[in-house]
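Quick one: structure below, then a few questions.
Read from first to last, the chains carry the letters A, B and C; within each, the first residue is number 1.
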């Protein structure tokens, strides 16, 4: 009897594995399977077009309102290009690098991927991407001028172009006008300098609801290890006149008096002035937004995503009346070229695509003017195209809806003051190092000075490959 | 073995202290285990608004099944569910069967290299999945098993099998060798002795192993993430992880999905827990 | 003796002393000889499917992973180098991670065992409604550990979390306890979350072990007048020893690999307070793309795990 049960178990197991192939529709089969009747991929489209399926992966598909914008736009492309079918794949933001890297290494990656600035350099320099220089050379002269040149550069490696920029925004100060008014501050006069900022923050850190203890704080920020951390700390460094690295990327520049001042200021917000809610080292960007939407904090550093997301967290938050946007505060008495940090993303073709020509067409379309305008309409994210985000120096006006939107217009104006963070393969590691030392300083494990010194030393170690033998960095 | 005993009723007093103690511990366990669960449940019944409220509420002021509807109807959750169930069940069965066989071999037979093989089985677990996943993925793609149930089952089995084999060996060790010796003498093949004599006795152990392997496969994220492509083959953990977007964690839906996801495990456990009953060890060796 | 036994024995006779042995054998001695004679091939045959599967599927990836720490196997240039290991030895954060990992493993395994044993004993009792308690006991384990990491993180949040909310309601003076944000509290908080999630595993193994102890032993002991404590010492403990060893060995290895929970709770912070090695390896691999360095870290971790688990393995390999 037991033997019978045993065989039954084994038998059912075999049945499971026998009928094991999932009924995947043709569109999602991995590259080795046939997708189109033997069509040589690089033939010019003079023959009757065979339908080719492109896999496009984008983390934006995980967010409801963004997914809709993307899904509504794709049919437009498919109508204009009847020989291409687009298959959208969602991926979570945190796991995208892991998945893409593994898939591309094994030759089974998607055709197009979308990455945020944080990891773009890693992918560009790791050889995972398809070189689109030949395609660009076939385009009319000045093709690459459609985007801001410093962004196009970010996708270049060893003279070859590996992708095109997509989103582009500047970090600004978002604030709650209602909390300003309640604390006796003028909601139309946001702080312009860091001293003002500190002053405002202190005034708004109080017992607002009569609970007997502080229940509202002036400022909230990201403190945990989070890719968005660098976007909140970097503006402070920049607007004090400091930088992470020396221009030649050989050493850290955190040993300058400006850097020390910026670091001490930032740490002081938590340890001395206490204008930040408790537990900052465990807060991610989402948590800070939740705090802001619940009126736990009065100010935060944010960008284009802030305005659309806040109402989904708290629908009682009146965006039109109470959400204020201000340029990043600066250090009083300093004139600086760059005072805030830029956020950007890009579209790239992966190196194992079987249909580079079709992928190129899709890439062009995804980064076209109409696409970026549609994207702003749906997602409130600005573009890296001059003809969408504007270029006053060249007399190019921005897309009107950007200028009409109170929040976005501040971002657009700050673009010229925005600095991209150092673009190295080692950037994630450098950012994490500083992040951890800020955490150590926030929690009091180390003094601000000791923490900064450790960050400085560790970054210099990380940058060792960039220095020639005999070159050393100055002491802290 | 004590000869000639008869079952006698236990004194009432003794029964009561141990029972009371058991109840106290179990009630404590209930609180400890259930608190986060109740929190998950109550969050899944909240509106988005209330889930993010600061200060938080414990019981929803406005209970709604919205999150459940969203998850079941508006996402591909049922499909993920089915995929996860098939893969986890397949993994559980495969690793328990192979593990039991291996456990019996290691336990009863002293063949050459036995210790080495046992160590090797365990050694496969020493390297983290992060390192293995790249080469393994290439292997699967080369054999054409990428994005298939069989490929996933094989992948997960390699994680669950070493532990299953070791666990079952441990259980089999507790069964006196005389029992299967007796069966052999009676004319069984070793396989027969195994299935007829040893397996019934370690049934609780088999249950533990099946549940363990199922839950391991069910809860894995990294391999599920990398070894599947597209929505049709995605698994539950993957579907849930997508609710952690770049901007926020969609709590009510995440909790609703997690509550639903814990159901198959409970069902499996309920179905099998009859085997976790004392007294299945009837059949002591007669000497 | 039956025909089959005679046939098998005649095969066994080919061993030295065979002819003497088969002379006058009684049943049990015959069976022992028989058993020993077939053990060489059969045992291996039993273990073969398992070994084949593991070695075929994981063998190559494992070798490649280890090789990667000595030479970058994905690039064209292949030079053998110990650079990764020397860098590792000098890396302060690696040693801190190692320390955190060992503390984490030690505490979680001990607590898993203690809690698991107590609960298994309670679930072994003959009380009404035991099935309900059994379900509740295993509940934490049915949640994937990435999810339980997120849930506990939410509960631990200083201002939005439910734990501080209860403290506030109870009138605690400063209810904004920074469970995951304070370096001293972070690791214990993470350990608590992991104990919650992980003890059912140990409990299940021990429960199964307890169930395997024949009821008759207890009843006989009661007849002889043994107290509960004596029963425990002389019946339960010896019966459970093997399973405790198994649970311990597996749990130690398991906890050294713990990743999802801590990743979603603290990402290793604040500072390095909860930065266990699997987390550091993941970061090096998938965030910094330092594949070779990550491989070296993993090899060192594996070596440590081997060293720690050798006594357990020896114990388990020994036949009782």
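The rule we apply is simple: contacts are C-beta pairs under 8 Å (C-beta built on N, C-alpha and C of every residue); 3 or more make two chains touch, one makes a residue touch a chain.
Model, not experiment: these values are computed from the prediction.
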| item | value |
| --- | --- |
| Top-ranked pair of chains - ranking by C-beta pairs in contact | B-C |
| Chain whose average C-alpha position is farthest from subunit C's own | A |
| Whole-Å gap separating subunit A and subunit C, where each centre is the average of the chain's CA atoms | 39 |
| Centroid distance [mean C-alpha coordinates] between subunit C and subunit B, Å | 13 |
| Multi-partner residues of subunit B (each touching 2 or more other chains) | 52-54, 133-134, 222, 241, 244, 249 |
| Subunit C: positions in contact with at least two other chains | 159-160, 286 |
| Numbers and ranges of subunit A residues touching at least 2 other chains | 98, 105, 290-291, 294, 296 |
| Subunit A partner contacts - residues on subunit C that touch it in the complex | 74, 153, 156-160, 174, 176, 178-183, 186, 266-272, 283, 286-290 |
| Subunit A to subunit C touching residues, read off their complex | 97-98, 101, 105, 119, 122, 126, 213, 223-226, 277-283, 287, 290-291, 294, 296, 425-426, 428-429, 432, 436-437, 439-440, 442-443, 445 |
| Contact set on subunit B toward subunit A in their complex | 48-49, 52-54, 83, 86, 89-90, 93-94, 97, 133-134, 137-138, 141, 144, 146-150, 153, 192, 195-196, 199-200, 222, 225-226, 229-233, 241-249 |
| Of subunit C, residues touching subunit B in the complex | 2, 4-5, 27-28, 30-32, 34-35, 38-51, 53-55, 57-58, 60-62, 64-66, 68, 118-119, 121-127, 131, 133-148, 150-152, 154-155, 159-162, 165-166, 168, 196, 201, 204-205, 207-209, 211-216, 219-220, 222-224, 228, 239, 242-243, 245-246, 249-250, 253-254, 257, 259-260, 278, 281-282, 285-286, 294-295, 298-299, 301-302, 305-306, 309, 313, 316-317, 319-320 |
| Complex contact set, residues of subunit B against subunit C | 1-2, 5-8, 10, 14, 17-19, 21-23, 25-26, 29-30, 32-34, 36-37, 39-40, 43, 52-56, 58, 98-99, 101-102, 104-112, 114-115, 117-128, 130-136, 139, 154-155, 157-158, 161-163, 165-167, 169-171, 173-175, 181-182, 184-185, 187, 190, 194, 201-202, 204-205, 207-208, 211-212, 215, 218-222, 236-237, 240-241, 244, 249, 251, 254-255, 258, 261-262, 265-266, 269-270, 273, 276-281, 284 |
